[in-house]
Amino acid sequence: MDLLEYQGKQLFARHGVPVPDGRPARTVEEAVAAAQEVGYPCAVKAQVQIGGRGKLGGIRIAHDAGEAEQHARAILGMDIRGLTVHELWIEAASEIAAEYYASVVFDRSAKAPLMMLSTKGGMDIEQVADEDPDAIARLHVDPLLGFQDFHGRRLAFEAGVDADVVRPVGALLARLYEVFTTEEATLVEVNPLIVTPDRGVRALDAKVTLDGNALFRHPDNAQLRDPSAEDPQERMAAERGLTYVKLDGSIGILANGAGLSMSTLDVVAEAGGQPANFLDAGGGSRAEAITSAVEVILSDDRVRAVLFNIFGGITRCDEVARGLIEAFRQIDPSVPFVVRLDGTNGEEGRELLAEASLPNVHIESTMDGAASRVVELAARP
Amino acid sequence: MDLLEYQGKQLFARHGVPVPDGRPARTVEEAVAAAQEVGYPCAVKAQVQIGGRGKLGGIRIAHDAGEAEQHARAILGMDIRGLTVHELWIEAASEIAAEYYASVVFDRSAKAPLMMLSTKGGMDIEQVADEDPDAIARLHVDPLLGFQDFHGRRLAFEAGVDADVVRPVGALLARLYEVFTTEEATLVEVNPLIVTPDRGVRALDAKVTLDGNALFRHPDNAQLRDPSAEDPQERMAAERGLTYVKLDGSIGILANGAGLSMSTLDVVAEAGGQPANFLDAGGGSRAEAITSAVEVILSDDRVRAVLFNIFGGITRCDEVARGLIEAFRQIDPSVPFVVRLDGTNGEEGRELLAEASLPNVHIESTMDGAASRVVELAARP
Amino acid sequence: MSILVGTETRLCTSGITGREGTFHTLRNRDYGTSVVAGVTPGKGGQDVDGIPVFDTFHEAVRERGANTAMIFVPPRFAADSILEAEDAGIELIVCITEGIPAHDELRVYNILKKNGRSRLVGPNCPGILSPGKASVGIIPASFFSPGNVGVVSRSGTLTYQIGNVLAQHGFGNSSIVGIGGDPVPGTDFIDVLEMFQADDETELIVLCGEIGGDAEERAADYIAEHVTKPVIGYIAGFTAPPGKTMGHAGAIVSGSRGTAAAKAQALEERGVRVGRTPTQVAEAAITLLRG
Amino acid sequence: MSILVGTETRLCTSGITGREGTFHTLRNRDYGTSVVAGVTPGKGGQDVDGIPVFDTFHEAVRERGANTAMIFVPPRFAADSILEAEDAGIELIVCITEGIPAHDELRVYNILKKNGRSRLVGPNCPGILSPGKASVGIIPASFFSPGNVGVVSRSGTLTYQIGNVLAQHGFGNSSIVGIGGDPVPGTDFIDVLEMFQADDETELIVLCGEIGGDAEERAADYIAEHVTKPVIGYIAGFTAPPGKTMGHAGAIVSGSRGTAAAKAQALEERGVRVGRTPTQVAEAAITLLRG
């Protein structure tokens, strides 16, 4: 779960990470009122879960109420790389003496949090990593030990931060680690981490990804989800407890299990088709889940054919067949379906489908055959 | 640093360990007011750092204001095994369905916290440990892992607590562990831990020992020290930064280093004498520290002779000699001193003493010889 | 022989009294696995179709000599249950539960590694099947028969699919190990490759990877250095877009890292044949084992 | 030979720019110890009488090949400094600092044990002296000469006293190891006994214990099973009353446990001669080594 900048900063503030004073706003009026409260000059910042908004005009400095209003009006509703701006963050403008980069990442390979610090802040860190990897100081924190003062000193000295801010930068890193562990984040990134002319340090941006599986322990964070930023189909799927990812093609796909679902996409692509989505109906899929899944798939109007690829394990193929039959009763789809049912109760499932003789439903016995068939059907005019 | 019951309970409350409602009181009037606030019946409890006060009349139940006043008057100023009662704790009386025992101990051998739980609460746990060791469930918590829910369940099931309180007892153990670690205690003990008739669990007593070395991280706890409970000589020594323990004999002893100090006591005892104190002048003892130490030793009027046993390492014997000379200038002691100086700058020290020719100061060259001499001097009428 | 589970397995299920726990435990027993106990705190003394239930793993080990645990409790209780099993001395812990918080997995992994006395397989995995000997988990055992192909996979149903294609071509399995699709699996490809390499019965190894992380790349290095038996690879997720989690918590491509293409290339560069479809995996197996 | 410190020692002092740190580091160097670096955060680039100062242990190891650390920082910074030295790959860490919080010691001990790459001696210890070779710590080296008696002790000045009595009787030392008087010493009697047993130069071992804990009892068991060289024991604190901390954080008798009498008995029951005074220790040494 990716947080918006201002949500991340509010988490930061809760853990003692210094951030500029700011207020969220959803309307031009709220923005102007917020600007009055934080004072001028202030930054009017688009709240979208994507990088590079500054260069696209999503961050502007206001020196008075007139400019605040003008900027808020310009940014609200703006399209930034496909995302519409619904929220603003108005914060006191900061003077910048130096820009650093700091992050804590959940490193799956090392099975430990990875901390990074660089004096090359304010730019794309992946680019820094490629062009000048030594400019980034890194270390892993043993999760059984936790962050120690020496970790902060070592990163600060190795990154070469200015000597007079070694201590405050180390202290800020300790706070970021605390955000990472106590909020159960998988990413905490500050870019830029600034040094002000009076030698204070401050997080000027905040990128926080929380672990969705841990939200039950963090009821406050569970409230933060911003559904407006999500694709409507994905939202619909999430509400029904399905794992759905929208893609660009024309072939709707349902399979059971993440691995088989991905494999199905690949086999369809191998056969020359373009998948419209990833949809994992999950283990033990029951009839209702299947009906829901069909609704989600068909709510994407680019879908020209649908492939069901089920290998029953816990999932029983007869249940899947029943779900499909029920979906056809409720929805009456206008596109062709190709169905491959194998594994647990596969025969019963195929028999049920045969008996129901649903219109425009094609039964295939292998995954490869089913993929070829659905590609062919989707290509028909 | 041993806390009084009520100080422990206030720490408990801060960490969510359920305790009865209560108020501290230092006078009869405060006690009656506190009793009115917590309601009747209530317990009037002597606050002394010693066990067994219940049997000695230090805990009494009041059913009305008259009884509260009567009990407070009786208990305040009472002597309980040599300690005078200066404070009371007035708490709502609890109904008791079962009495358990729970503790977290800093286990030096295992280098881990040891947790114990028993259904034989309300009695001397050392006695239970001797007579029926299986009645105490024990487990060590890996300090790098911390307390886990399964630790609580396992202790509760193995101790055989009533099935309906397994969960709340486990939760309470988790809170006790939190007190132990976050307050940096070396002992957290609850005896009895009670089950009420309505099946709640509650700490009816609290014994907490905090690590004095960690108080700099716990400014609130550092305020809790109750100097009234300490021996006046020990308090005087503590204020001067000396490690002093009062004993029962007549020979005042000063040595440098804890091990040598203990060894000096032993050698004096072996020679037939009775040490009046343990006093470690510390590493690197300077002249002022020695002067202070002499004052502390002589403030005990049972002292009939004093032994200085110094083996200089960091400590320089000439500094010790200078301190002793200065002490004689300021105090003019009436008892004989035996001085043994060896190690760093021993010769210089011995020369200084010889030059000063202090009255009634005897120089010895070995520890054994010094011990014999001081015993002999102390025995003189 | 086989690896991880077999005739020596003495299984204890955590969460045995739950619907799924009961169902799959009994299925495992029906298959022939020696199921000796279950654990559900507060239900000690009961039984599930004759299987005794205990309050703690410690009792299950003491009373019934359990040496293998299957974890079926909900995600918020799973880490605690794994740690309890480890504390009780269980050697192999198979965690089926999906959706465990990542920081819980991190903690569990590091504690088990520190103590070095238990192996965790999973979480979020289908378990382990040694055909003809024992099944611990939810793998539909009836589709597999004993044989000489060892399968290790990050995915469940994809494993069945590949196993099924292999079976249709006449191959049986020594063991099938699902290591799970989570960010911090207790056991990774390398651990299982080492076991298959040492297992007499295994003559061919199929490694089923997917996008995300670098487990396949590290496995490729390991194969090049330590595995002399033939290995066939398969990677799911060639069509996955960057930045989107594909069902498994671990299945996500970030930047240029963790792509299926990079993984397939890493394997192929070290001499591992990689099938683009499950069918191609079976065809490669035919070539390798039957010349 | 000798143990723990010797000619191979390359010392780096944490807190070298403090008064005590400078004084004792230079004394150690004067004795002949190879002192290669110091660490004081923020003072990197400076030097102390020619000894280069670094901001971190990592630099001291990288630039100067330090393999031994001496910790002289105040108690609230000591745990962090020990952990940094360990993280940097220092093999032997000698912590002189007194008054470290007990929970810090617990954490440090368990982390070092888990990682298994560094040995900690102390905290709250006088250090280690291998006469004629190297001195790391605050032991007044001039009172000792090379020889065949190994000494291990929980106490500082008491060690000097016993060493001095031995020296007056003509005995020299292989190494003198102060393990410190704190509740959680990084190195205990058993560790040092094992090293002395394996050390060619050591022919007799003197073990100096004190009240509190059960380290002496465990050492007695270890001696009975693993130590073939003669051992003489000494225990301080026969006259200590229960419940009072005797200077050392570890020196406290609780209930009937940790008394000097019990410790002396445990040693004697396993054949270790226990002297009641330092002089008796020297007399026993004469009997054992000169018949």
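Quick notes on this one:
In this document, chain identifiers A, B, C and D correspond to the written order of the chains, with residue numbering beginning at 1 in each.
Going forward, contacts are C-beta pairs under 8 Å (C-beta built on N, C-alpha and C of every residue); 3 or more make two chains touch, one makes a residue touch a chain.
If you're wondering where the values come from, they're calculated on a predicted model, not measured in any experiment.
Of the two chain pairs considered here, B-D and A-D, the higher C-beta contact count falls to B-D. Placing every chain at the mean of its C-alpha atoms, the farthest one from chain D is found to be A.
Rounded to whole angstrom units, the spacing between the C-alpha centres of chain A and chain D is 55. Chain C and chain D have CA centres that are 48 Å apart. Per-chain Cα centroids separate chain B from chain D by 28 Å.
Along chain A, residues 142, 144-145 each make contact with two or more other chains.
Annotation for chain D: residues 107, 111, 114 touch two or more other chains.
If you draw each protein chain as a dot and join the dots that touch, the picture is not a line, a loop, a star, or fully joined; it has some other shape. Chain pairs that touch one another: A-B, A-C, A-D, B-C, B-D. Chain D meets chain A in the complex at residues 41-42, 44, 55-59, 77, 80-81, 83-84, 87, 107, 111, 114. Across the complex, chain D is touched by residues 142, 144-145, 148-150, 153-154, 157-158, 163, 166 of chain A. Against chain A, the residues of chain C that register as touching in their complex are 20, 75-76, 98-104, 106-107, 109-111, 113-114, 126, 138-140, 143, 153-161, 164, 181, 183-184, 208, 210-211, 213-215, 218, 234, 236-241, 244-251, 255, 260, 276-279. The touching residues of chain A, when paired with chain C in their complex, are 106, 108-109, 111-113, 126, 142-144, 181, 184, 186, 211, 213-214, 216-217, 243, 245, 247, 255-263, 265-270, 275, 278, 280, 283-284, 311-315, 342-344, 366-368. Across the complex, chain B meets chain A through its residues 144-145.
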